[in-house]
Every structure is written in C-alpha cells, then in structure tokens.
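Structure first, then comments.
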Amino acid sequence: MITPHIISRAMLIAFVAFLIAAPWLIPAILNGFWVSVIAEIMIWSLFAASVNLLFGYVGLLSFGQALYFGFGMYGVAIGIATLGLSFWPAFGLGVFAAVAIALLSGIFAVRLTWHYFAIITVVFSLIFYFLAVSVKPLTGGDDGINFTLPPVFSIGDVTGSFSDANFQYFFILATVSLCFFLMHRVIQSPLGKALVAIRDNDVRAALIGLNVYQLRLIAFVMAGFLAGVSGALFAFFGRYASASYMFYHVSGEAVVWAIVGGVGTLFGPIVGTTLFIVIRELVSTHWEHHALIVGVMAILVVILAPKGLVGLWNEGLVRWCARAEATSARTDLQTEP
Amino acid sequence: MDTLLLLALNGLIWGLIIALIALGLSIIFGLLDIINIAHGDFFMVGTVMAWFTLELTGNFWAAFLVVPLIGFILGALIQRIVIQPIRNVAALTIVATFGLSLILQESVRITFGTTPRRILPPIQATFPVFGINYELYRLFAALVAIVALAGFFVFLHRTKLGTWMRAVRHDRETAIAMGVPAQRVYVLTFGIGFALAALGGVVAAPITTVEFRTGVDILPFCFMAVIIGGLGNLPGTAAAAVLLAFLEGIIQSFADPTIARISSLVLMSAVLLVRPQGLFKGLAK
Amino acid sequence: MSEPVLRTENLTKRFGGLIAVNNLNLSIPSGRLHAIIGPNGAGKTTFFNLVSGLLAADSGRVFFKGRDITGLKPHEVSRLGIKRTMQIKSVFPQLTVAENLWVTRHATNQTLHPFRSAARDPETRERVELTLEQIGLRALAHRSAGTLSYGDIALLEMGMALISDPQLLLLDEPTCGMSPAETERAVEKIKQLTRKIDIVIIEHDMSVVFEIAEDITVMTQGEILASGSPDEISGDERVREAYLGRPEDEDYVEEVAHA
C-alpha cells in the first residue's frame, strides 16, 4: 500500500542522492556554474528555514532575520579580516554572535503580540543596519569587506579549503543538512509539539502549564542560530560581507521564499528558495526586473495557495493516495468470486 | 546658527509632509490591521506621477489634483483585488504588501528608469524668514500639507464616510451591526491611504529626488510616527511626525544623520516595549 | 476542620467602571463537588480567570490549600495542580488527539526534551493510552483535534485535565453546547472524577447541577448571594428572585431539585 509517507521518504532519498552527485552530474549535463548556484541555494534555504521555524511552527512572523544573518556573516568576516582568526574560531564567533544577539533581542521582542512583534523585529534589524553602515572602518558599510579564506583544516599534507569548489560544496551541504536534521528532530520532539500547541492556542497552552514566554524565546534563539549559521556560510562562500545584507529587504525576501515554498513544512523553505533563486539566475541574464516576478508570485501565492507549494503537494499526495486506495479496494471487490 | 535654523525649518516642513503620509499608514494599520510595507512606495509613486504629469502637461499644479485622484483609485483597486481575499489571515497581508512594494518599485524602474531626476520647484522665489532667505516653495509645501491635514480631520469628523471610518476603527462588530457597510469602508480607507501618500509625494517632489528608492527611506520614518504617536491616535501620529522630523533636522546640524536615525529607532523600540499606546495619549479621542 | 482547597479573601476585579467581582470571600472545602451558579455577568468566569491567573486581581487574595497564589502567572498556577477548562471548548486543533494528551503530560512533567522523539517515552505513552480509554476516544487518537465534533472536543479537554493529575479541577460550563447523550456521558465522568479530585464547576444546566453538586454557591453581580446544600438553595427565596424571577421557573427548580 502506498502511503504519503512512503512517497515522501522515496523523494527525500532521491533528493539527497541528487545533491551528493551534483558536483559531477551537473557539469556533465549543464554547466559547472550551476553547482555553485546550488551551494548558494542551500545557504539561503537555511536562512528561509529560520523564518519558517518561527512562523510555521510558533506562529511568530519575524521580518528581521537578516539581523542574525548579518551577525553570523560579520562574525566570520571581522573574525578573519580584523582579528586574524582561523576558520573554526571565526565560524564559532559568527554563530555565537548571532545567537547572543538573538537572545538579547528576543528577550524583548517575544513579549509583544504579533503585529508589534513583526514591527520590532524590523526595527532591531534597521538599528543594526544603520550601525553597521556608520561603523564603516570595521564593517565596510554597504560596500562591505573582502577577505581571503583560511583553510578549513590541515592535517599533515592534506588541506581542506573552500578554494576547492567541491570541498566547499560538500562542506555547505553537510552543514546545512545537519541543521535541517536538527530542526526535524526538534519539530518531532516534545519541545516542538509544545511550540505548535502555543501557536494553536496560547491561552490553553499556559493553562496546561507551558511557560509561553520562555518557549517562544527558545524558538527565537533557535531561529537566530539557523540564520547565523547561514550568514557565516555566506561569508565563507563569498569571502565577502556587506551591511546591505542586513537590510529588511533581505528578511522580506526570505519570508516570501518560506511562504511560497510552504510554511510549516520542513522542505518548504528549500522549495521556495530554489524556485526564486533559479528564476533570478535564469531571468536576470535577459531581463533585469526579476524582482517584479518575485512580487507578483508573492501576491499570487498568498491569495491562491496560502499553504505554499509543499503544502499543496502534501494535500494532493494525500488525496491521490486515498483515491489509489479506494480504486484498488474496488478492484479487489470486483475480482472477488 | 543659520544652518541650524535652516535645518530646523526644513525638518519642520518635512515633518508636515510625513505627517500626511503617516496618517495614510495609520488608517490602514488601524482600520484594516495591515502592516503596509508598500506605503513608502505609495509616496514614491506619487513623486513619479508628479514628474510624469509635469512631463506630459508642462503644468506642475495639475499634479496636485490628478495624482491623489489616481492614487485613490489605485488604492481602492489594490484593496479589492489583493487585500480583500486575504483579509482574514493577517500575517499573509504583510507578505502581500511586501510583494506589492517590489512590484511598484520595479514598475517604476521599468517606466521611469533608474536615474534619479529632479523637478524644479514651480515657485522659484525666496522669502525672508527669521533673517534667512528661505525657499518660498517649501513654505508653500508646508501650507498645502497643513491644509490637507486639516481637510482630512474635517472629513473624518464632519462627513458620513469619515464617521463610518471612525466607527469601524473604534469597534468593528458594533459598527457592522449598526449597518455601516464595512467592505466599502475598507476600500475607502485603502484608497485614502494611498491618496494621502501620493499627495505627500507631489508636495515633496520638487524638494527631493524622484527615483524608485525614495519609498524605502521614508517607510521606517512613517512607522516611527505611527508607533510613537500611538496606533489609532491620528493627531498623535501627525504630531509625532513633525516632532521627529524637527528633532532629526536639528541633530543633523551637529551629528551624523545616521546617528539621528538610530536614536529615533531606539526610541521607537522603547515605545513599543514600554508604552505601546504611544507617547501622545492625551491627544487621542 | 481541614484546610479549604480554595479560599478567597476580599477578591475584587474591576473592568473600567464595572465591578465584575466584588470583595469575594469564598471558601470551598475539600472532598465535595462544588457548583457555582448565577445569572450571566455574575462574575463566575471572571472568578475562574482570577484563580487560574489569566486575570490579575485589583485587590484581595486567593489561597490554594493554604498557599497564597494571588498574582501567579497561568502556567505557574497550572503547575501547582490547578487545571481548568474553558467555557468555549478549546484544544490544540493542529495536533492529533493523542498529541494533545502527550503535550499536556509533558507540560505537567516539565520534560520538554528538544531532541528525543515525542512518541518514545514509555511512561507517558502508557498514561496517554490509559486516558484515551478513560475518555473513550481511542478510535480517534490519530485524528486532528480540529476535526472533532464539539462533544468529542469536550471529552478531549477533560482527558487533558485528567492526564495532568490535577489536584483541583475548575470546569467552566462543561456541558455547554452538548446534546443530551453527550451531557449524560460528561456527567458520568465528572461523578467518577469527584471521588479522587476536588472539582468546582460553573454550570447553567440546573438538572446537571442538582444531580452532581454537593455544595452550591450562587453568585450575582460579583457577590455571593447564597451558599449551601442543593436543598437549601432550591428553597431560598432570594435565589429564586435573583436568578429566576418567574413563577414558571420556580416550579422548574422544584421539579429538578426533587427529581
């Protein structure tokens, strides 16, 4: 009997296999350039996932995740360019900085109801955007800073470094996969169920003994962690950091990716991000106004398919399996003597 | 000293223009529960339409009539087509207005282009104010803004439509139960919101650059005015806009404008966290 | 005399100019099912809200088994063992019936492990199974709670109250919106529970009240009008006037009280 679960499992395996084979498969079919596009998509999917975690599972719409992305990014960039750190300490600094600022801002933000929460997340990200722009010597402002990347590891004669495109690809794949796996575990865990309960009915949640404020804060920090990791990866990937990535535009785009992909699903952010980045890559060579497509699609999805692509897919899958079940039951009946 | 005076006056006048725009944002937020990310772009479209009016007719004054009207129609259409279907899922409206913002910016890029343009003020004289020769057009702009603000409050309190709007903002269910046509009020509100922002755009066009990014700069400021003034507190929002612009203008004379902006944002956060009903409670009805 | 399970001292709550609960001095003894009745707007649900921490009192105190719980937040009150259901039945619609129970149990134990799978904990799994049996929703265990009928949601709510091992159960109009059959089932459950747990219920359905209540308090306009056994209450003139007011209803009360 075919269940949605089995189909999803199969697709997951196929997808992972594809990702692992991509560095050899893609250049053979298309062009090596697309391998680095896939790497970039993975980084941004993680960022979209941070939005999705807060909105899809906790019910909090943050329009300011670019702040934590920015801290992750600058933690790495400043760590390497100014502090002369090597790879892992810089990575650690970036993630730590993102989590710290997420905790600090979350303590205040999570107290607010959703309208004001959305607004204050933008305000916080704007404050730090302007700070980053004004402290130009340190951050390079909107122009940003470039730096060369130290190797990831060196054991004896073997060096692993991002200058090797394949190594870079697999490092990103591994990190992003690990984060998604952790997210999956959390969502299935008692903590994850409690978060969904809070989203569904926060009064009831308090009445059964859940500390709503504390749990929301934990979720906020987790989302900050994901955004921070994606920012750090971005800095490594581009050897570049710029304040412009902290602007609310970036946060907003991630919200669109998450919603178009499918809010409240694990793969929604990946699907949404892939769609928009592929469109950007395909369209921008011929027409520079691809942002128009983003805007139109955002509106269309929100009006026509608010559950997003993965949401639609899941619904369709359930219906298709139910029908397949019914049909086979009917044929069984017909073949009865 | 002269620079300080100049900046203070400029700030004051900008504040009046922003008050106009922020009122539009406030009624959309207060009545429709919508965080309108595209509102700054409504202003920007106003400036662009003013430019086009000037290009096509050679007459800038026509823009004062034509642009707000077009803005009203656009706003009404947007409400019916985009907002109405998703009115009940508040979070999705933010995404929709963000999409709208992208569409407006790109449409302007396509039609108007990316080069910033300037419009020469239709009044070129200066007028002595407190010992400096001040651009007469700016004084005129202030006058227009004040008249428009006054007109808006008269509309809100003395006309049937305005009363309906206040009723719905105050207590939606009761208003509907009493027969106020809520749907029409929503369309009206969004239309007026766009029109106010567009009017602000026309007034501001000769004293700012006309380009597709001006909306992005102005949006945070409008939100600041709405929050610090107090959501639903229209006079408070107008007062906050003027005050904030005035203060930022003064601070600019001795500090980096970015610092001024950051302080306003920090103030806004404080208000959100400590006194979400805004600082000007006394002015509310 | 043993400590009352719930006691209030001059409890007051105002909403603007309206006094919802006015200097309430209520004492509810342990071991007897207590019903609070009264006309709409009497302050009964406000009283529950004050006890469970959803509202902050303007003045006065609330004591639970001798412990001052005034001003505690809802989740803190819940963790002390006071559980309540709401007038409008509400559960967690996006979770399944079983998950609703799981989440409640975890919230009680305060075991919110972030990585272990929610379904693995054996002790919790047993309790969830047991509770599903008790409320009779075994068959619907994997259905989304949002798709249940109103009566089943009420049962689930009661299951959530049970699985959390409450010491005091506050039921706000538990039979509201139920069909006669569902009401009967609910009443049976409440009777079973009252042997082990202290229960206070707010009810409008007089037949239910007189069937299960051992003590009744009548509230009106935020104050206690009368308090006593079902017989005393049904015979009380002031209660009839304030609550019922019409001769036909008097007969109804007579009838129901002696049914």
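Chains: A, B and C, in written order; residue numbering restarts at 1 for each.
Note that a contact is a pair of C-beta atoms (placed from the backbone, for glycine too) under 8 Å apart; a residue touches a chain by one contact, two chains touch by 3 or more.
This is a predicted model, so every value here is computed, not measured.
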Inset, instruction - Name the chain with the Cα centroid closest to the overall protein Cα centroid. - result: A
Inset, instruction - Tell me which chain's centre, taken as the mean of its C-alpha atoms, is farthest from chain C. - result: B
Legend entry - Chain centre separation (chain A, chain C; CA means) in Å: 43
Inset, instruction - Give, as an integer number of Å, the spacing between the C-alpha centres of chain B and chain A. - result: 34
Legend entry - Rounded Å distance, chain B centre to chain C centre (Cα mean): 50
Inset, instruction - Show which residues of chain A lie in contact with chain C when the two form their complex. - result: 182, 185-186, 188-194, 196-197, 199-201, 203-212, 215
Inset, instruction - Provide the residue numbers of chain B that touch chain A in the complex, in ascending order. - result: 33, 35, 37, 82, 85-86, 89-92, 94-96, 98-103, 105-107, 109-110, 216, 220, 223, 227, 256, 258-259, 261-262, 265-266, 268-269, 272-273, 276
Legend entry - chain A residues touching chain B - in the complex, by the definition given at the top: 55, 61, 63, 108, 111-112, 114-116, 118-120, 122-124, 126-127, 130-131, 133-134, 249, 252, 255-256, 259, 289, 291-292, 294-299, 302-303, 306
Legend entry - Residues on chain C engaged by chain A in the complex (per definition of touch): 52-54, 73-75, 78-79, 83-84, 86, 90-95, 99-100, 102-104, 106-108, 110-118, 121, 160, 164
